Structure formats: structure tokens, C-alpha cells
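Before I ask anything, here is the structure I am working with.
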Amino acid sequence: MMFFQIFFALSFLFSFSNASDFCVGDLNAPQGPAGYSCKKADAVSVKDFVFSGLRAAGNTSNLLKVALTPAFSTQFPGVNGLDISLVRVDYAVGGRATMHTHPEAAEILVVIQGTLYAGFISTTNKVYTKTLEEGDVMTFPKGLMHFQINVGKSGALAFAFYSSASPGVYLMDNAWFANDMPTDILQETTFLDPDQIKKLKGLLGGTG
Amino acid sequence: MMFFQIFFALSFLFSFSNASDFCVGDLNAPQGPAGYSCKKADAVSVKDFVFSGLRAAGNTSNLLKVALTPAFSTQFPGVNGLDISLVRVDYAVGGRATMHTHPEAAEILVVIQGTLYAGFISTTNKVYTKTLEEGDVMTFPKGLMHFQINVGKSGALAFAFYSSASPGVYLMDNAWFANDMPTDILQETTFLDPDQIKKLKGLLGGTG
Amino acid sequence: MMFFQIFFALSFLFSFSNASDFCVGDLNAPQGPAGYSCKKADAVSVKDFVFSGLRAAGNTSNLLKVALTPAFSTQFPGVNGLDISLVRVDYAVGGRATMHTHPEAAEILVVIQGTLYAGFISTTNKVYTKTLEEGDVMTFPKGLMHFQINVGKSGALAFAFYSSASPGVYLMDNAWFANDMPTDILQETTFLDPDQIKKLKGLLGGTG
Amino acid sequence: MMFFQIFFALSFLFSFSNASDFCVGDLNAPQGPAGYSCKKADAVSVKDFVFSGLRAAGNTSNLLKVALTPAFSTQFPGVNGLDISLVRVDYAVGGRATMHTHPEAAEILVVIQGTLYAGFISTTNKVYTKTLEEGDVMTFPKGLMHFQINVGKSGALAFAFYSSASPGVYLMDNAWFANDMPTDILQETTFLDPDQIKKLKGLLGGTG
Amino acid sequence: MMFFQIFFALSFLFSFSNASDFCVGDLNAPQGPAGYSCKKADAVSVKDFVFSGLRAAGNTSNLLKVALTPAFSTQFPGVNGLDISLVRVDYAVGGRATMHTHPEAAEILVVIQGTLYAGFISTTNKVYTKTLEEGDVMTFPKGLMHFQINVGKSGALAFAFYSSASPGVYLMDNAWFANDMPTDILQETTFLDPDQIKKLKGLLGGTG
Amino acid sequence: MMFFQIFFALSFLFSFSNASDFCVGDLNAPQGPAGYSCKKADAVSVKDFVFSGLRAAGNTSNLLKVALTPAFSTQFPGVNGLDISLVRVDYAVGGRATMHTHPEAAEILVVIQGTLYAGFISTTNKVYTKTLEEGDVMTFPKGLMHFQINVGKSGALAFAFYSSASPGVYLMDNAWFANDMPTDILQETTFLDPDQIKKLKGLLGGTG
């Protein structure tokens, strides 16, 4: 008899408590400043909390010889609202992640394989660089430009973690040269020479 | 004449300002990481900010001899977005709130009637316990397991307040034994003996 | 050849990253505790981030001889989710912003033109006042009552900035006298005399 | 043998984890925007988490016939950093908490004994009032003016909880009249008549 | 008699409430993740909340023909802990603020005088630009690169406000070229040609 | 000539901006609710942002056959204030991380090597489990109990990342059995039998 009583009393309480456990993102519902709307509780399963899209290496046959495979809230809705996400980074020999930031997110990079030369630049223009071996971790403070170069003799692998479910990847080169920003405006606001700008626009698909 | 002018000028301003005052939860609209969507301003009345569901003692005729009556954002939508909520706790003689946490929420317990023996355990495994008399308050830091036992000779009453509108109530026993988690997995991850696990699964309605 | 490869690889990444850049408010979609829902990314244009509604002086022909023109998230949806907004304040000679607060928002006032006598009161009842000249800035901590009076010989202009996209403007006089709060309740809760209350209710459009 | 090994391995880990459990306030150490500095871990005991200063009714022999006994982080250092605190409120017959706010904190009031008439005013000047019986709870959104009046025939008791460890109590009357703010400045910024101002300054200990 | 009683009862309460009002920065005390330690309450005066350092135009006799005069928590300790600060920006004819970000802070720019061509770039490489006239405001979301150019025929003046008391000013050119970052590393991580890099290092004082 | 002018003008600005870039923890200075005090800027070097303590596998010769090597702010002061940290987890064959939570932190686990059976339990007592292969990631929402078991035929390696610089590791078994909590209190608050409690106290070093 007792058994049913407690079961009733406690489950009554529990039926109200799921709101704060998690908020798996519903990519088709309205999105707000804090992230995606939550999937209905009964539609959530363990699949929402596991992501297998980082198992395989990305394709590094590109100019940067690098592949970034994201598991942000858009790919991995289980992290929606949790202030955490990651990217798998594969570097071919000589590959590199060029100067970039993550607006609002701090990062920790873990080197799984290979040797990376990595660094960041502070707002006082100080450069912090280090060669990282397997098992080393490096943190890049929020919003600061950082980079990694595979300086080893074989491919490298790292995972980068973020303090946001949607950190963005903001590559300086692409931001400047992979769009229609007029060359003269870029010249005025970057000090770069027009020839340099046009060359990089050509390389990265920009116009203007 | 002046009267109308100021009334116009100021009410013009005010008509834009209601967004940040409050966000009474609309339980039928999308929910996001920050809580429920807001009820339309003109549908809000004082009833949304007052809750009478805690007037009466809960039913303590159960195994724990305790009744928890929540006023979280689901029951009391006026606290949605306000990072505050509460629970009424009635303890029969010998009643107790077993080990539990509130993910993400800190708590303050106020003893209104009776004598409670209460405590929590830190992540360094240190135990903090105390006998609380009427009028005493005790705080339980975020996410730490805590409990209360009515050690007095009559019923006890307390109110527990939380730093979240949806703190959840996470009873360790129910989490382990009131579901279909296989016994061998529980054994491996809790050190408990299979007999103990099966006994408690029986008591709390679990299977496996 | 390379060109296409990098373009593909990088744009693949970027197509997932827009969520955290900004969340321009969609005033017709559900609103949550963190602000308005976001406009769809492809509906966003530079117009959402620029507001020209503060170009012209407001109409100061009112009792306060002041005009407050807000650019909160309701008027200026580009600041939705960004924890920042502003108001243009025009003061005729002798104009003033009477005692008010902004629930949850801190403020910085910048005097563009004229001379203002400004101040705030702390929760320990201490008064902080100063005469501000052109170019001076003053900060008003969160939730504290503050005021400004144009004590110069000509009109004055200031911009007030807030640490919230929807700070509200909470004028004490209007809160007390521009509604139907019964006079006896106001008397009990403010110490003001009934005659004073009735006079100000008349002035500000209140009843009761 | 095994016993010692696990004990060593796990306690090694635990010795680093106390930082985020709690931060009991050290009232003599530097204070920052997030609260007091933390007491050293080995100086913390259960006494820091329990407060008995609310056991007894406060003295209501004053003009308001009310007594507010706070358990903020200054009185109750165990809540430092936990975004939660409380006040005990005793109301004699006819006693009341006059118009006040808590900058940055939302509140929940629980009526333990008696009948209170309570209310708050929104930034759109709308009044929300209700008569509260024993066991009723009412929430007052962040930064909004609210009040309670004991409208019953005997003393009343309530506990008020806050979403901050240091919410402040900001009584409008005291902010205006219990200091040296010049009468003419108050007149300009509140619309009140000089006679009214001087009368209340006299009552509440103000000058000027 | 009553007078003294209420004065005592209420001031008892108030003496504990100053912690959350404000936390004026003590630049000589320890600094934490949330900002500077607070000045002792009795050392705080109105001077801490007013800053006159923005009255005068900055010196625009430099390469950028621009002067940025900050009022961050280091210059203006009254904003410490308040998540708000500002910069005065003076632009000579043709002056400009080159590409920069503010890590963690959103910005609103208000044009007080002149005509500016301003813009920002999203993490999807989309460019948002607009010509701003006097009185126009533009917001730059957190962490995104933005710029302004004085495209008018006379000097220009703007104030830029931030959602942080210490937003930083992170000029891309200076971060890349005003330090000792080796040219070959920059070449690898920016795609820029070595000649271009060396030219700008020469211009901005960098080496390597 | 120009060169010196811009260098002066811009470096003047930059000398104020370092506060928000990062706050490397000074383990000997006061600690507050937001973390450790910051090391002086000129004492910070790249070594603060790189941690090599996770290069080597931990010692798994213990009861759990697991080794957790933390890189929290106490071991890795560069993450202080950044809301991010990690742990290296080595699992011998049959090794497991028993039921635990991280108060206030969400987690992402990345399987680098081996096969893990992992899961968590919600506050509604629902169990979410999955077998994870190399490259799989799983997220554990804030404050929820979770576990991993090495179900493969060789050792396994994973990295666990947290949304806090000081997440704590809160092992349920150790919290219950590795201290002096009296057996009868544990019995009352966990439903466990006294024999079971005493056995586990023996195993984990507890008394009482």
C-alpha cells in the first residue's frame, strides 16, 4: 500500500521538474537570444545527447589544409542552452587554422595527435605562442584572435571546446576578403594595399 | 492643457517599457533555455503573481512521511524568468526529505514549525549537519546533496526557496531505483550490492 | 581548383555559425525572459542595426519640459539580446527628468549640450549630486532613483545609455499618481497627506 | 591494498574541487562586484550555513509598526555568492512595509500568519494588489515598488526571499526624506509641495 | 519619541544594504574575473560617479586622424561592476576607426556631429554598412569587427557605449603588426604577403 | 614623424584595456564567488595558458580502474574566469567513472580511444544511455548524475569538458560513504540497509 502512495506523491512532484534539466534545440521553432526553443520533453531521446559526426576526419584538401567539423547547437541540438560545444580539427601536414576569433566564447584546445604551433594576441597586442605536443591543452580567452599551425611531419588532430553552444568561427581573412566589401573601404580600415586586397579577394572568392 | 501634454508625452514612453518588468509564463507557447515564453501583457493580472496552492498541508501518508508542494514556474507562472521559486514541505513525525539536489539552484530552508535535523555534503565529501529549531534558516549551496529529517515529536513545516524558477527536485533514490536502469549497470556505477538494488527497485517502482 | 575547395570547406562551416552573432528582435513572434525571438537571418539587413529616430529633438511642451525618446529593443530591434540601449533626452529651460529608476539597468548619461544638475540616492539614503557641464558623464547604478534638472539658461541635450535592451523608465510620480491606486492605500504606504495625493493624481491623470 | 589506492586516487582529485561549492563571505577581506571574498575552506563550518537570527520577532514599536530582520550576506555569510537571501517581517496590527524596491532582486513573500494587503506597480503604472491569507505567496518582479499592509486584527508574520545575496531594501520615503536633499530639489523632482516635503523630512529625520 | 524609534529600526536595516548598490573600483586592490575590488563605502563620493575626462576633444594628429578617449572602469571606477562604459571618438576630416572588435562587449555608437560611414562584418562574412548622419545610432553586436570613416567635410564626434565596464579595444592592425610576431607566422596565418606584412610592421612599430 | 604619433595615441588607449582579456588565477590572493583574483598583467606569460599535465595517462590501479586528471582553475590558472575546463579520463579494462555530478557545470565527453557505455539520469528519473565509439561525443546536462563504463577489450581514453573553470567532481558514493556521516542518518536519507552502508563505508574509508 505504502508503495503506491510514495510513488504517487513523488511522481506528482517530478512531473513539473523537467524544464531546467535540459533544452534540446528544436531547429524549426522560434530562436531567442538564449538559443533555440526546446523540443517537447517526450520527443527527446538519448540520440539528442550523442553526436557521431566527429568520428571521421574532415577533408583537408583545401588551401588551409585543415578541416573544421563543428558540433554546435545547430549540428548537436543537445547542447542548446548548455554553454558548451566543440569542433574537431584535422590538420594535414603544413595545415593551419588561420587567425580567427569566437565572439563571446573562450576555448580550450586539446592536441590528440601531432605537433601544433599555436598562439593568441591580447588587446594590448602581446603575442602568446607555444609549441604543443600530444596531450597538451591551451586556452584562448574570449574574443581574442588565435591560430594553430601543424609544424609536425604528419597529420595532426585536435578538439576545440567552447564556453558557448553557438560560438561561431570568425576567420579574419574570410571576414575581410570573402565578400563584397569595396577595396577602398578595406584599404582605409585595414592599412592593407589595394593589390594585396584584390589578390586575397581573388583567392577567397570576394568581389569589389 | 498642460495636463494632457504631459500625459501624452509620458505615456508614449511607457508603452514601450513593459518587456523587462516581468515575463509571466505562457505554458502553451514555446519554451527556451531561459524559461517559458511570456503571456501577452494585457492578459496578465494580479492572479499570475499570487499562488494559493501552498495554503494547505500536503498529504504525508507515504513512505517518506513527507509532502513537497512546489510553486515552480510550471505551477506559479508569475516567477518565470525571475530566478526564484519555492516549495512547501510538510513532515509527519519521523518524516524526511531524503538525499536530493536541485541542479543549478541554491536553496534556503526556513523552519516554520517543528525541529529538523538537516545537512548537506560538499564535493570534498565533508558533511555539514545541524538541528534546526523554529525560525532557523539553513542554506544549501548549488547542486549539493542535502536532506532533512523531522526529529521532533510532532509534525513539522518548512518552506524551501530556490535561486531558480525551475530548480527541479532530484531525489537520488528515485533517480537510481524508480526506473528501468539495469541492475548490473547500477551495481557497477554505485558499488551497491545487487540485492540492495533489487530491494529498492521493488520499493520505488523500478524494473530491471 | 584549390579556390573552390577552400571556398566549399569554409563556407560549410560558416553556414552554422550565425546563431550567436545577433538576434534582431521579431516583434510579432513569442517573447521570452531573455527578449524577443530572433528575425530569420535572411530577413535581417543593415536597417535593423541603425536607428534614425533620435535625430530630432522631442517635444518638450509638457509639464516636465522634457522629452524622452527611447531606442529600446521595441523601437530598435537590433539591440535585442545585446544588453544595451539608449534614450535621447531633450530638456527645455527648467526642464527636468523627475525621480525615476530603471529596474535591472545601470545608466551612463552624457551631456551633449547645456548644464544639468543630476543626482541619485543610494539604498543607504545617501544623496550624490553634481552639476554636469557639456562632455561630462555620470553613471547611475542599477535600480537607484536618479534625476536631472536643466539648470542652464538654454535648452539641454543628453543621451542616456543602459546595460539592458529593455530597461524600462519607472517614474516614481507616475507610478504613484497616474493610476487608480486608492488614496488611502497610497497614504498608508507613502506617508503622504491625502490632499497632496489627490492634487498629484489630478495633475498626472490618476483616479481613486 | 585496493582500499588505499582508490582513496589516494580519488582524494587527490577532490582536493581541488572546493572552489565552486560555496564561497562563505569573509567580511574583512576585499569585496568585489560578485560579493565578498571567500573564507578559507578550513575555516568554514556548518555555523556559516545556518542562521538563527530570525527566530525572534523584531521590535515593531515604531512608526511603521513593522520590523524587518535581514539575513543578507552581511548577516548570513553562507549565502554569499549564492544569489539568495531573506528577511523576516513582523507586522503589528496596522503595520506596513511602505513603498520600496530591491535593486536587482526579485522577491517572493510567504505569509506565515495573518492577513496582508499587498501590491506592486509596474513601469507602465499598472497596480497589482491582492489580499493574502496565511500560506499565500506573492512575487514582486525585480526593481518594482511594492508594499504590504497588515489588514488583519492581529499581528502578522511573513518571510520575504530574494534572488540576490545582497538585495538592499530601498524605502522610497527614506530615500527622499531621511537625508539632506534640499527641499527645492525634491520639489522639482517629485512634484511634491514644499510643506509636504518638510513635514516628512521632520518625521523621518531629514534636513534641508 | 516615535521619531527615534523608526529612525533606529530602519537605519539598522539600511546599514547592511550598501553591498549591492555599487562597487566603485579600487584600482590598488585585488582584481577578479568580475572586475576591481570595491572601494570602502565611506571613501566613495559623487566624484567617483562623474567623469569629466571626455569634455575635450582628443588629439587627432596621428595616422588614423582619430582620437579615442576611454571612460572604462580603469579611468572611471564608478562603472566597475555595472556592465557599462563609453569612449569619446573624435575624427578629423578623413579620420577613421580601423577594423576592431571589443571582446565580450556589444556597442552602440551615437553620432553627435558629422557624417560617418560605418559598418560591421558577421561571422558569415556578410557586410553591413551605412552612412550615419547626426543623431543616428548604430549597434555593433558582440565581438564582431566594425569600423567608422569620417566621410564628411569637417570633423566628426561620436560616443560609443559598451555593455561592459572594461570592453577593451582590439584593433586588428595593431594586433597583427604592432608587436614581435614573426613575419612568416603572420604570413601563414593571414595569407598576407611578406612585403605587405613588413611594410605595416614598419608603419605600426612592429618587429620580426 | 607620423609613426610616433599614432604609436603614442593608440598605445595610450591600449594600456587600459587588459582587464577584460583574461584573469589568470593568483592562487595565493583572495578568492571570490567569480573565481580567483587575477595575477598582475606583467607576471602573466604563455605558460599560464598551456597545461601539459594531461599528457600522461593517470594511474588506474585502483578500485574503479579509472584515473581522472583535472585541469581546473586550481591546476590550470589560465582558465580562471573563462567558464571552461577539462579532465583527462583513463579507463583500464572494466574501468568506470561511477555516478557523479558536477554542480553548476554541463559536460561534453569525447571518446578518444576505446568503447564506453555512458549515461545520465534526468530529474524525472528517465535514463539516457548509449554505447560510445571512438570519436563520439556525449553531453551531460548541468547537475545530472552520469557515468561511463569501459565496455571494450582494451584501455579507453576520453576528455571531459565543462562549462565552468571549477566544476567540481561530486561522486555520489564518496559523498555518502567516504566520511563520518552516521549510518542511521544515511539509512534514513537513502533507504539503504545498514549492512550495505557499513560495507561501503569500509570500502571507501568512511566511519560512523
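Lettered A, B, C, D, E and F in written order, each chain numbered from 1.
Keep in mind that, in the parts below, contacts are C-beta pairs under 8 Å (C-beta built on N, C-alpha and C of every residue); 3 or more make two chains touch, one makes a residue touch a chain.
None of these values were measured; they are calculated from a predicted model.
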**Prompt:** Can you name the chains that touch subunit C as well as subunit D?
**Reply:** B, E
**Prompt:** Taking a step as a move to a touching chain, how many steps at least join subunit A to subunit D?
**Reply:** 2
**Item:** More contacts between chains, D-E or B-F
**Value:** B-F
**Message:** For the two copies subunit C and subunit B, is the contact made of the same residues on each side, with over half of the numbers shared, or of different residues?
**Reply:** different
**Asked** If you average the Cα atoms of subunit A and of subunit B to get two centres, how far apart are those centres in Å?
**Response** 35
**Message:** Need the CA-centroid distance for the pair subunit C / subunit F, whole Å please.
**Reply:** 42
**Prompt:** Where in subunit F do residues touch two or more other chains at once?
**Reply:** 14, 17-18, 20-21, 30, 32-36, 103-104, 119, 123, 125, 129, 141-142, 144, 168-170, 174, 178, 203-204
**Asked** For this entry, which pairs of chains touch?
**Response** A-B, A-C, A-E, A-F, B-C, B-D, B-F, C-D, C-E, D-E, D-F, E-F
**Request:** Using the touch definition up top, name the residues of subunit A that touch subunit E in the complex.
**Result:** 96, 98-99, 101-104, 117, 119, 121, 123, 125-127, 129, 141-145, 147, 149, 168-170, 172-181, 185, 188-193, 196, 199-200, 203-204
**Touching residues (chain side subunit D, partner subunit F) in the complex** = 2-3, 5-10, 13-14, 16-21, 23, 26, 29-30, 32-38, 80-81
**Asked** Of all residues in subunit E, which touch subunit C in the complex?
**Response** 14-15, 17-18, 20-22, 41, 45-47, 49-52, 54-56, 71, 76, 78-79, 82-86, 88, 106-108, 110, 112, 119-120, 122-125, 128-130, 132-142, 144, 159, 161-163
**Message:** Can you tell me which positions in subunit A touch subunit C when the two form their complex?
**Reply:** 30-36, 58-59, 61-64, 67-68, 70, 72-75, 103-105, 164, 166-171, 174, 178, 203-205
